[in-house]
Amino acid sequence: MPLDTSTYSLALLRVDGRRWNELRRLHAQIRIQAAADGSSYLEMGNTKVMCVLTGPSEAQQQQQGQRRGQATAGGGKNASINVSIVVAGFASVDHKKRGRNDKRTQELELTIAKTFASVVHTHLFPNSSISLALHVLSADGSLLAALLNAATLALIDAGIPMSDYIAACTAGSTSSYAAADDSADPLLDLNTQEEQELPFITVATLGETDRVAVLNCESRVQVSRLEGMLAVAVDGCKEVKQLLDKAIKAKGAKMIREGAAEKSDAMAMDLDE
Amino acid sequence: MPREAEPSLNERNFVSRALEEGLRVDGRKFDQCRPVSLKFGDEFGVAEVQFGKTKVLVKVSAEVTVPYTDRPFEGVFSIASELSPMVAPSFEVNRPTETEVLLSRMLEKTIRRSGALDTESLCLVAGKKCWSIRADVHVLSLDGNLTDAACLAVVAALRHFRKPDSSIEGEILTVYTPAEREPVPLSWLHSPFCITFSYFGEEGDTAVLLDTTWLEEQLRTSSCTFSLNRHGEICQVSKLGGVSIDAPVFVQCAQVALAKSKEYTELVDRKLAEDAKSRDKGGLMAELTAENDR
Amino acid sequence: MLFSYSSLLQGRNPSLKSIPRTQNPTRLTHRAGAMSSGPIYVLPGDEIDASLIPSHPKKPLRLGPGLRHAPPNDIIPTVAGQFVVERQKNAIRVETTSGRYIPRVGELVIGTVHHSGAESYFVTLSDFTSSALLPHLSFESATRKTRPMLANGALVYARVSLAHKHMDPELECVSPSTGKSDGLGPLTDGMLFPISLGMSRRLMLSKSAQDGKVVVLDELASAGLQFETATGRNGRFWVDSENIKTISLVGRAVTETDEKGLNVDQQKKLVRSLIKELS
């Protein structure tokens, strides 16, 4: 059952053939739904998530500011951000049904809502609400990271002003918590199998800076491993940010070519790229 | 329903101005906790923790039940944390608020998922009978730093708890009353503690505070909770959103949290020893002796 | 948000169940009729000795908070606390240190502006109560054009002008007869400290040092600190000073005196130790 760390130390290749600092294939798309104010589809390896955004629209008079199965952050005079996550029944192998009041899902929703409440310029939209509906189509590790990335893309697609991207990824450590071996390597972007075996952290950074917006760890790990994992994860986030940026620029270029948007003089973008 | 009064502009300005000058409203240092008090009840498994005006009471109970079918060799362990209207009228029964969800997730991750309690030792007859250990968290009053106080109380109560002794002969399971056999402590593997750091200022770098009061908690821009045991194992870290913080700060915070966790371990050990001493009547032989003190 | 379930009765054994009724110290005092021998405490439902109730030849008897008139001629306390008699006014009341603030006409309070309506500000006086109304025009020399603009979250020192059980209370920052503010109005800067209702009452006595046994503020002032304070009957204490340290110090001195129930000597000692910390 345990991940065969002996083969890893021999060939330095992970179960899916990646090196320690390699991301899985990241495929991002925006504006996938014409009806939504903003939408995105994101694949990180076999983790596939979709985000549909509505808003900023007039805030509904919600009772106590919260409806069931939704997490809200911000609010009051500024725009509130509502997040709801639906995990499809077919998303993982075990077909476990997660209810709406599942505390783990609620925690994820809260995390995403709070993260974006501090990045989105909510003061520009007083008394309104931005609703993010996240759908998990396939879960294969790094779920929170994928959801955060998808939400960033949808917010950019909707043209909502933000101070920077939120880019997220996971990092793990090959040492089990009991072993204090110094040869343990940090790993980047874990899949489900690795997540189950190894301690890992989820990190979201503000764009390409070293500033961490989300740091989440749910497994036992030596405190000395934290620094190494954090460094690898922050580097990974920078890479993710560039990939997200590329996807958005590609879509923008395509829209200009198709005449859906006008090219402004201020744009320093090269369309032939 | 009317809401709680929000901090006024004057309070907001004062707190941030004071923090810039290196002062806290109640005169503590940034990394100084309020006086922590830990008391055990007369019964086993009751602990009350107080951080200033924050007060949490935990009661642990045990009963024999049927184990879950997918885990026949493990006992049942659950932590129930519900915030009642006693804390504040805004908390309603059966309607978990954000605070409540986060608190119960935090305790779950810190104590249950990290394997602090050996659930396999709770098994009596595989697939048929096991102990169900339940820790009920009651928040009596709230003035900030609820997570740290609740976690300390749960760990202390579980370590203080004694479950009735039992034996199996053939197919017959016997559970002894405390009079027949001395109750036994739970098989406890390690003691994790939550330590919450609160960050202030637009960039989150004005001040990093420990053990915040409710007023400070309302004004912080971000927070991060570390759960560690004294061996330096992180059981859980969560910084769920809020203003972004420079990555190296977390590494420093983890070291502070480790020192704090060792402090809490020592506190619980000391209080447990004191409690055991006050209960010690000289063992069973002293009780059974027929001699009187003259 | 502070809700403590303890300290309902200060200076009194709280384990009421264990005391047989005949040994109740309150009763003994009553029976002896020794009115001058220290404070008298009552419990909800207690009988009040007839000799304690003042009888003025002309003025009607006035019942203050914590007392209820049960016809035909019984007076029953509804809260636990100190029974206070004011012979000149022919009034009796029960004083408690805890509980939620209930506005009464003429009391000075410190409120937080929640938001501004069409005609008035909605002001929060205490947690989980409906807001009080402060009309835009009830400030000194305020007209429609020259009224003070208060931001959401601003503090205001006001007098309760209307208090009714079934209506939201109303406030004013101007004396209706003279048109002067008498020191009421917005409070800028400074810091607010929560104190118990009993403490705010003690602080607001005209001779708080003698009657209320509060000397911290006088001691702090005589130690050379310069500060400005305002006390609201709703359990709020506001301090302002040039120096942030002074504000924090004054606030801590008052809250500590309140929470620990310090006597005059202990208060003096506290001030001395705080001043030492400052220097």
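Order as written gives the chain letters A, B and C; numbering starts at 1 within each chain.
Methods note: contacts are C-beta pairs under 8 Å (C-beta built on N, C-alpha and C of every residue); 3 or more make two chains touch, one makes a residue touch a chain.
Source: prediction; values computed, not measured.
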Practice task
May I ask which two chains are joined by the most contacting C-beta pairs?
Solution key: A-B
Fill in the blank from the handout: Farthest chain from chain A by C-alpha centroid distance is chain C
Problem - Per-chain CA centroid nearest to the all-protein CA mean - result: B
Fill in the blank from the handout: Separation of the C-alpha centres, chain A versus chain C, in whole Å, is 52
Completion exercise
So, in whole Å, the Cα centroid of chain B is separated from that of chain C by 37
Completion exercise
chain A and chain B have mean C-alpha positions lying a whole-number Å distance apart equal to 31
Practice task
Give me the residues of chain C that touch two or more other chains.
Solution key: 152
Completion exercise
In the complex, chain B touches chain A at residues 96, 98, 101-102, 104-105, 108-109, 113-115, 221-222, 224, 228, 232-248, 250-251, 254-255, 258
Fill in the blank from the handout: Seen from chain B, its contact residues with chain C in the complex are 1-14, 17-18, 21, 23, 25-27, 53, 55, 86-90, 140-143, 214
Exercise for the section: Write out the stretch or stretches of chain C touching chain B in their complex. Expected result: 1-5, 112, 114, 124, 126-131, 151-155, 187-192, 238, 244-245, 247-249, 251-252, 277
Completion exercise
The answer for chain A against chain B in the complex is residues 66, 71, 73, 101, 103-104, 106-107, 110-118, 177, 201, 205-206, 209-218, 220-224, 226-227, 230-231, 234
